[in-house]
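In the two complexes that follow, chain A is the common piece, with chain B as its partner first and chain C second.
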Partner chain A sequence: MIEKERIPMEEQPGPRSKEELDANKMPFEEYCRKVFDPGNEFEKPAALSGVRWMSCTMYIFTPHAVSNLAELGAEVVKIEMPRMGDPMKHTSPFNECYYYPLHDERPMTGQGIGCVNANVNEYFITMDYHREEMKEPFYRLVRMSDGLTECYRPGTFDRWKQSYRYLMEINPRFIYVWGGGFGYGPKVFGGSYDILGQSHAGLASITGFHEDFGGHPVKHTNWCIDWYSGTMITVGVLAALYWRRKTGLGTMIEFSQVQCATRCCGYGVPLYGRFGIVRQRWGNWDTQLCVHGIIICGKSDYPDAKNPQLRDEARYVMVSAFNDPDFKELCNIIKRPDLYEKYQKHKDRVEAEAQVEIYDALEKWAADKSRSEVVKILTDAGLLAMPVYNDMEVYESPHYRMRGTVRWQFDPIFGDQLVHSTYSCGLMSKTPRRKFWDFRPVGADNVKIYHEMLGYPISTIKEWYDKRLI
Partner chain B sequence: MCDIIWCKKCNTVNYLDPFNFWNWEGKVKCAGCDTVYYIYMIQGQMYKGPEERPGEEPDILPLYADQPLNGYEAFKPGIEGKTRPYNCLPREIYLGKADWRKFSIRNWPMRAWAPQPPSAGIAGSHGFKWDIEKLSPEVWEEFLEKKKKGEVRDW
Partner chain C sequence: MAKEVEIRSREDTFKLTSCDERPWPVTPPPSEEEVMKVYAKRKAEEFGKWCEDNLRFEYAWSKPEALQGVRVLEVGLWRLSHMFAASLLAELGAEVIKVEPPEGDPLRKLTPFGREEYMLEDQYTGEKCGLEFIHEMRNKYSITLNLETEEGRELYKKLAKTVDIIFEGYPPGWTDEMGIGYRQLSEINPRLIYVWIGQVGQWGPWKDRVSKFGQWMLEPFGQCACSFVHNTGYPPDLMPRGKGGDPTRSGVWLADYVAGEQAAVNALAALYWRDEVSGEGQFIEVTAAEAMMDILDFDITWYGFNASIKARTGSWDPNLNQYAWNPCKDGYMMIGGQTDRLWYRICMCIERDFPQFGRLITEDPLLKEMAARNALEALVKTYTLTSRWLRDINRIEAEQKLLEYDIAAGPLLYIDETCEFPHFKYRPWIYTIEDEHYGTILYATPPNAFQMRTPARVKWLGRPLGKDNEEIFMKRLGIDQIKLRELKEKGVV
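And then the complex of A and B:
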């Protein structure tokens, strides 16, 4: 460029200094809203599009492992029992049905709501794959897929000639996942459920209040270990896909649910190894911090509600005031400065006897107050307090609504549906998760997969259907 | 898992599903030989019975029964006078009454009642859209009515 054409620095467009550049940037809050943009996920690309997965899974644990892939864009073919579908459709809650139709042949047999969120965006076909006649379509599907997840007893698929040993011979890039109770070892034939996982892993032993306070080992009301273990399988699958990019080879993943749940015990097992101490349950309080727990208040926020979950249960508050100034403030608020005098040091108040005395004093103070009164008094004083929300309050929460965590979706088959699964798993600016549908009726995609994808004539599909093979 | 009444007279196993029998006192009729048994269950445990009550009327029929010594010959749900029908009825949330729903809490249509009009094609395949107007015109009408009244909300 010749000298006279050069534009002086100060006349060039754009910021002139680092400070000006920073000043010109949009506020971070605004930036986040723009890049994540909840509600417009479908306009963005999906990270795993191009991946095809087979899901020979049942219940929650293994289906959810595959559902994670489908929410991220993988094409998933869920294979169910002919006419029946996944047993989870018939088990929960209380064998009651809220979704119709399950299948035109069984018009009065709907399905329960317990299986929602576990098979999102998947194509549903039926196949009795242990029958000799269905081996060919099964293998054909394997040739066209990147991987498979199954949950049968160890060795079952091997007996049916469809374990990793067999499938890697027809597709060396195949990633094979077995997810189940125990895996190989002394308890190889042991099946598992979430509650068994929580128990066998030692997790239930450290949940709930100690027996001294009338408590017992407690399992979580929902199947948190199913959801957790399923997600951990997905982590393994993503690593296996990356490994395959580098080596061109598939992998076999063997995933024991009870093994996975031990990870939730935190420092409990290492503690035993170091000192021989078995960790105790400490309920809604904390063994490391005090005050840092959940207390009960005397009055409900909804005294006239019909629902006992609101009328009687909306009384719990999480309170946190463990450092010295906060604890002092808390003691002043509850008019027990003597407690602060007695337990000035954190290491004194975190002791079991001290916690019993402090939480008792807190609950006595809250006995004539409602949950929201307690939260207001404490937060106004600069302390951390949060009501223990129920599902209705999660639904009403403006925070979740703004971020799209909980939202309404008109499911193409089942109609209006309140969803939280896909959108509760973190936001991704470029390739967010998305939900097209929650699940589909039994065999809904038989023609799409067998005819359109695998190329079988309609007459063959009808024949298989009549023979109860699909 | 459920408790059973194994009738020794006819070797029929009458299954007592926990949903109905978890806390229950009354009389059940054997699906095999019509013997009436009194039982009292507390928290899923058989507290009293089964005791024979000849000549008395049963309160409920089992949902399902079979005969293991006879090749598992089964009495499926809904055989008149033997087993009761399985209607898949969900309960009203607090009062325990059966309850179909056609609209969500924000009054949008929802497919939660039975029977649904048949909508599957070859081998049970389904399309990707619930054509409410065509398949459930009365629900569609009701929805439009609700909309007119301003009862249909975003949240």
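And then the complex of A and C:
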């Protein structure tokens, strides 16, 4: 007691104000909603404000590595090729949807929706690195920035005298990231894409239905491995920034995307290494848990819809009951208590043959039911089940709307845009991520950067523009 | 040398599968001289040499660690998300303690198809541990603490006072109810960065559920909740439903990995802000479903644009042409190249063997415009004719032919082929570690391991349950072995 009295009031544990006291009494969910406060992100500071980064990137992988920083508050300058822009701006699903315009010289060419979310909050300038005249503005930017991310084939930036070998001389605090497919080694010059990462790294070989079931390796839709690997670069960059606080020294990170997909193959690599067993595909079931898989139901939730994605596809349910009592209950619900008798131990029901038998029984039971009926029956019984949601249902979900992870945003150039990124990378109570804009037209910020930041006169910028340097 | 073996049952194969019987790698990686010749092809010998001298994997152990001194707790069961988040920091030098209940994380017991022979045995205790767990238990200490007991929670609170970051993976509100959630811990440690990671959320209408019998929601619930599964797989017009023509989950718990790395990013950004600016910690929440949704390209945005619900396109991509893998003689071959420059190079390569390709693809006016090539009929035509070329050749032939034209192309590899792929072995991206308890383990190396100053590294892999109790309880809490034994008897550790 006496010891406690020595601690000054303000340092003693417990609430320090009435607000804090109320917050502590609040139900937990309400408390979460209050501290994360979706929709009011801009009232709070940003974690990385003051950091400046150069993004000499294209496509998705390396842009996303930088975009993470920009969402967290870093100021980012994205450098594109004059007139062309990032190739991703020419990309759109089935050539179907475009934002206007790409550039003032090509008013009829739109920007494909493919580049959405990869270059959030960045300033877009153009620069033709090949040209000698642009060396000085490039170096000026390097002197004023904390780091750079590039994605050109190895040796290209070196040939242009802008690799880390050169840049560390003019800015020793500089953090230089090369992101690409392979890096030093026998396939150093191999180009890479998301899909190459998926196929080379073994991930594709373990995704999809097994040959014995008639299946082929399946590509993860989207450019998952691009995005995922990009975020892993951000982890490296933030660690390097943290270390630089102590030492004042920058570094170079050479980062290969193809490797990242092997990193997430779970037990695949050690299983092969120790036992020579090659992990195979196992469709929509789980190799380590049963029941824990996706089943098909007989009826769609939208039998009369025109869109086949609703009419034919809204039939899949994720069912999970791998613990003994859950599995027992599931067997009772589908009126197959014999299955529980047969496979009482998890070890037995997770065997391949058992899985075939169990999921077959489940699908037979679901054959005369709709997706929502199946989910309701199982949920009412206290088990875990969830429909396989489609884009429309995710859009309409009250959950994501309440959490602010799916929301509409107005862009002065491109109009209303539905945003399902940035905010969804994680809620942060004090320094939340935020999105000012998704991307900007090619060269939109040339004056802002070259004139206002680097001090070049407007006439010089015009001259560069006419000479197609920017 | 081929060997005669007789296999009558699964047991007969066990002795064939030891690493002494079948060492890795089967063939040695290419030598440095051979690789120097590759650099020389593009006059990049000097740069290539510089890279090898400064970035080589093997030099990691003579360089400092970026996150040295950062203290992390990892507390949670079943899932990979919090494990992966903590792994990424541990690979970069943070001191990570995994807190497990006295019976251990159930993930330790999981093994493919329930086969115990694929688990690794602790050579001292004989205790078996699953590979999924071991592979993600990187550079981490393991301690046990029963959070269901009052005393266990008190010790946990004291431990939480001494750390910078906590990655938590319990069901929503459980730690709060127990008095050890962010609300309570931030009072005793205002600098604490507390990250909760789950499947869909700890609050909101679809928040994570626990079954009536206490079973948790695990991956792939996260993949299902964000439309990833719906959008992945072959459409029923390419393959029959039930035989691959269905929405398909990732073969791995991918959304857990994605959530884990975003948790690591957010935590490191919060750490930077704390130390650089404010001195304050904060509360962070990352979910598998939302982190995955962030990386679904434009899928939901597209729905907002014109009410399109993305359909499955198998291994083709609706945005890029060419950009797919298609069947060839001995497997699948991936070919990619969207811009005109690459598109025509692919055409030139295929035309050499298959002249009709030039007439039907190169000269088709529709296919001349980069964006127009993404129309569905353009994809069908391109890939039909590409597969016609591929079906007569093997992966390696196709790769050699395409690489001559500098195309980003490569075979679809199975895990054994990946482990034997020359570039993977040379870097190495697959490497062995001799573990004190579990013997030699082949593992995937950290992608952040190739750095000039502070590369990531794996110092140990896997950890027997509670191995570090003595050390951590003494160092962090001042609890000696006699007291620890008492706690053990009471079921607290």
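Brief remarks on what is shown
Note that in this section the second predicted complex is superposed on the first by the 442 of 470 C-alpha atoms of A that agree within 3 Å, B and C clash if a C-alpha of one lies under 4 Å from a C-alpha of the other, contacts with A are read in each partner's own complex, and residues count from 1 in each chain.
In this section, a contact is a pair of C-beta atoms (placed from the backbone, for glycine too) under 8 Å apart; a residue touches a chain by one contact, two chains touch by 3 or more.
Note that the structure is a prediction, hence the values are computed from the model and not measured.
Considered on the superposed chain A, chain B and chain C are sterically incompatible, since they clash.
Of the two partner chains, chain B and chain C are each touched by A:Trp408. Once the two complexes are overlaid on the shared chain, A:Ala444 sits against chain B while remaining clear of chain C. In the superposed pair of complexes, A:Asn307 makes contact with chain B and with chain C alike. In the superposition on chain A, A:Trp464 makes contact with chain B only, not with chain C.
Applying the stated contact rule after C-alpha superposition, one finds that A:Trp223 touches chain C and leaves chain B untouched. The partner that reaches more residues of chain A, of the two candidates chain B and chain C, is C.
In the superposition on chain A, A:Gly215 makes contact with chain C only, not with chain B. Once chain A of one complex is fitted onto chain A of the other, the partner contacts of A:Leu72 are limited to chain C, with no touch recorded for chain B. With both structures placed on the common chain, the touch criterion links A:Leu418 to chain B and to chain C. Of the stretches 219-227, 237-245, 363-371 or 435-443 listed for chain C, only 363-371 runs into chain B once the two complexes are overlaid on chain A. In the superposition on chain A, the residues of chain A contacted by chain B and by chain C overlap at 94-97, 307-308, 408, 416-418. For chain A in complex with chain B, the touching residues are 83, 94-101, 103-105, 107-110, 126, 306-308, 401, 408, 410-418, 437, 440-448, 450, 458, 461-462, 464-465, 470. Touching chain A in their complex are the following residues of chain B: 17, 19, 86-91, 93-94, 101, 103-104, 106, 108-116, 118-126, 128-130, 132, 154-155.
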